[in-house]
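Here is the structure we will look at.
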């Protein structure tokens, strides 16, 4: 199994959830994170002073999938989250050794 | 070493911490996340309109452990976090290449 | 590629960002997490009662890097985040199978 | 009228020695009324800052929270200045015209430390009325949150106050034609709530929907904030309605009591309707019903009795509830925080019903009695004329102002800015950095 | 009593011409007092909405924040309606009985725009008293947060107001037997705080503990919110206590001052005790001590002098502190937000001590002097009778009401719902969606 | 002065029968003024709790939010106690000295339920003044947030009140030498804002900078909280300035109106300046400008007319804006929440300009007219003397107190504690546990 970790723009999370649901992915986990990268952070004002905020709000989606569906899903996420603008984010893919569904104790692909 | 990632119901986090502490795990990291899965989200009302909130509050626990203790710990988590109801969550296990304790520079199992 | 996951004291995150930027790392992702470990949590008062809060605020940095720069970067983080006091945190290193930049579709090291 | 009998003069001075408190009563000052209107002024400002600001700001998304607070705050700021320069004069100036007050009191000329308005200082009257001039455009904010340009919002507000609010206030309260005709509008069912509601509707239509309108991604970010603001509105409304008696007397007392009762009745209505429709009473529903009850009683607070107040709150609550749903679910108009269905419809309902509930012959539901020479029918016609003319006038003028502002400086921010949120794009700030 | 000497009549009319402010004084209206009680009414409503609501809501967990706000808000709503229908009449109606006011003023019959209560409009008196009827059941919320059914809570509240609050208010303030006996309870040590405290205790025992009680997982989710609410309580209490003079006079002034001083003294006490016990002064401790000081001074605010106020705050602070600890740590009763130890014990302490500190012979600690024909001893007996009978009556009646509600509709939500939190399960809403 | 003609006595008693409201006027009580000062007392306490507390607390980082709330709250607590014990007497006691009020009213001796201060109860006057004594040291909090020891902060506050605030209040308002000299300081430009500003500067210099000062890691954690507090300050300031008339009369009305206008003008100024400098109007800038406008008008609120109020707000706004930038960007002084540039400079500016704008000969900008025997020049000299002596006295005394406290118990927490945050290290609590 693979763990797909996608760091995307926050307002794209609904779109991504939809496309991967359509591909049969039944679950995912979302975390609010802050991203630092090529995309420039914004300026904040404070009583006559200016500060540059480097970290931008992003959303991290973690999706565990069967090995053979990983590529297809990565592609779908890529498409749904793409705006063509800097800061669209990254997708990381790791190998997952094991998955267990807590409720039933099922393991492996059955647990997804 | 393994990285055990458990996504559980928020109110179960104390129980899980206790059982793994008893098994000699000395540390873990908790993140508040939102989960999407088979468990249905709740409805929210807004002035005569209803919205379904798909993402439910979950807690993600990350626990790095020695290889040989991973199974035992996964099992303990499974037990402690189980309610038998849909939405109990998942446990993912990845392989960890290296661990370093920042304070001392220790690496590997010593760093856990 | 490697995914470096560093769990550090919150006020160290700027220092770490700086040193890894100097090493040419162009991006990272930050998550606010709560850590449980050897460092004792603090006490909280509530109307004549005392509670021990086990989980302490920490920051998790995730940095994807090319294989050959991983060690150097881990070392730099270690140095920047070190205070010598208990609770400085841990660094975990996992293997990354794939990285994709959403905006361009680039993969592998190019995507970092 | 000066008494010249020596004896009387002597008695009067003796009285002044005996009752030093009376000295102030010279020149017609009523300290008690002054005290209450000073207090009411504070209460009505409190309704906008922070009351309404928090109520509205809690209902938007995190990325726009500060922009809403700033919209309300900066409206208070610019209206206060315009009020001093010309607003007060247009609304309450000395002109003989039935259409505006003229510019005789521009720059508050003549409104010095000695000037009186009835038995309270004119500064107090002017300050009290100013707080109404502030909250009315602030109410409109609910229509355009999360997508309007800050500078356009300010320009719109100033023009709208000049062309809509100040004149209408003159017509009804400043001695203008509607007041002369006998329109009952105790504290602003037409002047405040109807104008704000209609303007909101026009703006909502012109601006178009927010991205994500009617999806779960556009839920209120902080209902505790809205709740806090709503509670402040309730309390502040005592100043709004009971202060409109311009005295600390029985009329003020009754206005306060019926205001409170209508608020409670409106809230109860929404709780019950939500319960029937969805099986649960929602908090946002309850506080929205409260606002509906308050808007409905506002024009009638000087006319109805306790049970009349209850009735108004119930009726206003029900009507506003269904109009809110209809506008959102059917018409799909993004009057984002429901200004028209709650304030516009509430104010309209109360203004019309005042013609009936003012009557002294309704048994336990009796009001203070028909004004001299009026019947329920004739009063209702006056109320209808008031509602229709003010509604139409506001609608047309608002539309013209929106078109002008839109042409000159644009109205809506870009799609990218909308994604990022107004806090960053318009103010370079964030509400929370926790 | 009408003067018929022509001269006098002439003088009087002259006086009215000279002092137009006096015109209002006709028919016995005192505008100054009216102004202050109108203001006090706003202040006391402000104590519940948003004051107490925020104070309490900050102390629960995130998942229940909105439910607490809704409990307080909906209590205000239903009590306001019940007050209009029968509550005011039961408490302050015209009946000759020493046990209740009868139904002569049900539906506010006779309370029209001309009705007076002393020298203020009756509507003002009724509105002011209504805010007390609202806050009392709202105080009880602290006992049942995070686990009560919303509908049962409403049913309990209405029954409790009808059977406990309105009658007890009549006994003490409405001309009933305790008032006749000379019980000193200026602003509600027994009527408000003791009844709320005892009812809270009964409910806490009947409902049982929250899941997680006394563990770190049940810490307050937002102390800044509680702090905000506490500050509002302090300010609003000026209306509560100084408003209870029903006049803007020296009694009101002294009540305000001693109220403030006792609040400060109570807060200081908790800060110092926390410091001794834990080495640090906690913020929640400070604001809780403030509430303890305020509850303690409430019955005595019309009787004690400045230093007496200080003393009351210190004594009330210490007693409430240790009772709070004892109840929670030893008895392990989950009176979740400590209503009984803070309000019940505070109100009781103040009521009893009023018998002593009212005395004019305590040097710098002197009060306004013993009431005619009373000694410290005899007054203390009266106070004791008041505390014991009201305490017992409230306890028994509350228990009966709880049993009835429990039997008819159930009291406590299920364990699963408790895990999820009342915001979702009872209202389909969340406090924060940031 | 007692009238002994039988006729008159008879008339008076008749009057009392006719106008029961007058009965209270006996003994010189003015109920209307009492009502307004009771209200103002509530408003000014509201400025500190929760107003200023929230304003400040929102501007610090999450880890220190509660410590700021506690600093403000505990200052209110200890000053209230000290006020009762000796503070009121030092400031407003009966001593003949031009330097302090003596200890004749220590423990409020003689301030009983019958005591009067002018035509209001002395308790009301004392309570009103107490709220000023509370807010002044609370303003200083802005200088030392996020790094001061809690116990040292309390010790400093008590000493500072005893040695700086109470005496200076006596000099200006308590019959002391500056008041005798004719210093115009209606509501505290020198007594409150200048003393607080100068003390803040001294403390900021002594304490040194916060770790991270002038970096993005030290941004306000919750601007919605600051906004809420700022709005409360605006409303409460009506009590502060209009209450300082000590009457519900024309002076109060004008004070309220010019106060409001100056607040709006100050806010507008900052919005415009931010817009020019950064291209955007910031919310924090707007509310800071509001405070600057309010601080500036404070000494002059009894002297200027409506347009004068506008002018003061504009001028005060501009000056405070540039001093704020200069202090932070150039001098790099960590007066963390800009107490000196906003309050100190604002109060100073208003105090000096009052000498000019009080003049009756400025056309539309005229004030209430020069005091008898004064010219703009001579008045300006008096104002200058007031500002310089109070500024110097405050600076020196504050420095001495800081040195003493520092030597005895230390001033600044350790670097580790600063990292963790004062909420945990000083109070064992967290603001949010959501």
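Per-chain residue numbering starts at 1, and chain names A, B, C, D, E and F are given in the order in which the chains are listed.
Just so we're on the same page, contacts are C-beta pairs under 8 Å (C-beta built on N, C-alpha and C of every residue); 3 or more make two chains touch, one makes a residue touch a chain.
For clarity, every value in this text was computed on a predicted model and none was experimentally measured.
Chains touching both chain B and chain D: A, E.
Judged by shared residue numbers over all numbers used at their interface, chain D and chain F contact each other through mostly different positions, with under half in common.
If you average the CA atoms of chain A and of chain F, the two centres end up 52 Å from each other. Inter-chain spacing, taken between the CA centroids of chain B and chain C, is 18 Å.
For chain A, residues touching at least two other chains, in rising order: 31, 43-45, 50, 54, 94-95.
Among the residues of chain F, those in touch with two or more other chains are 11, 15, 22, 29-32, 35-36, 39, 215, 219-220, 228, 278, 280, 282, 284, 427-430, 432.
Taken as a graph of touching chains, this assembly has some other topology, since it is neither a line, a ring, a star nor fully connected. Pairwise, the chains that touch each other are A-B, A-C, A-D, A-F, B-C, B-D, B-E, C-E, C-F, D-E, D-F, E-F. Of all residues in chain D, those touching chain F in their complex are 10-11, 14-15, 17-22, 24, 29-32, 34-36, 38-39, 41-42, 45-46, 49-50, 53-54, 57, 65-66, 69-70, 73-74, 76-78, 80-81, 84, 107-109, 111-116, 120-124, 126-127, 130, 150, 222, 225, 228, 426-434. Residue ranges on chain C touching chain F, taken from their complex, read 9, 11, 14, 42-45, 50.
Those residues of chain E that touch chain B in the complex are listed here as 215, 217, 419-420, 424, 427-430.
On the chain B side of its complex with chain A, the touching residues are 2, 6-8, 31-38, 54-55, 58, 60, 74, 77-78, 81-95.
Looking at the complex, you find that chain C touches chain E at residues 43-54.
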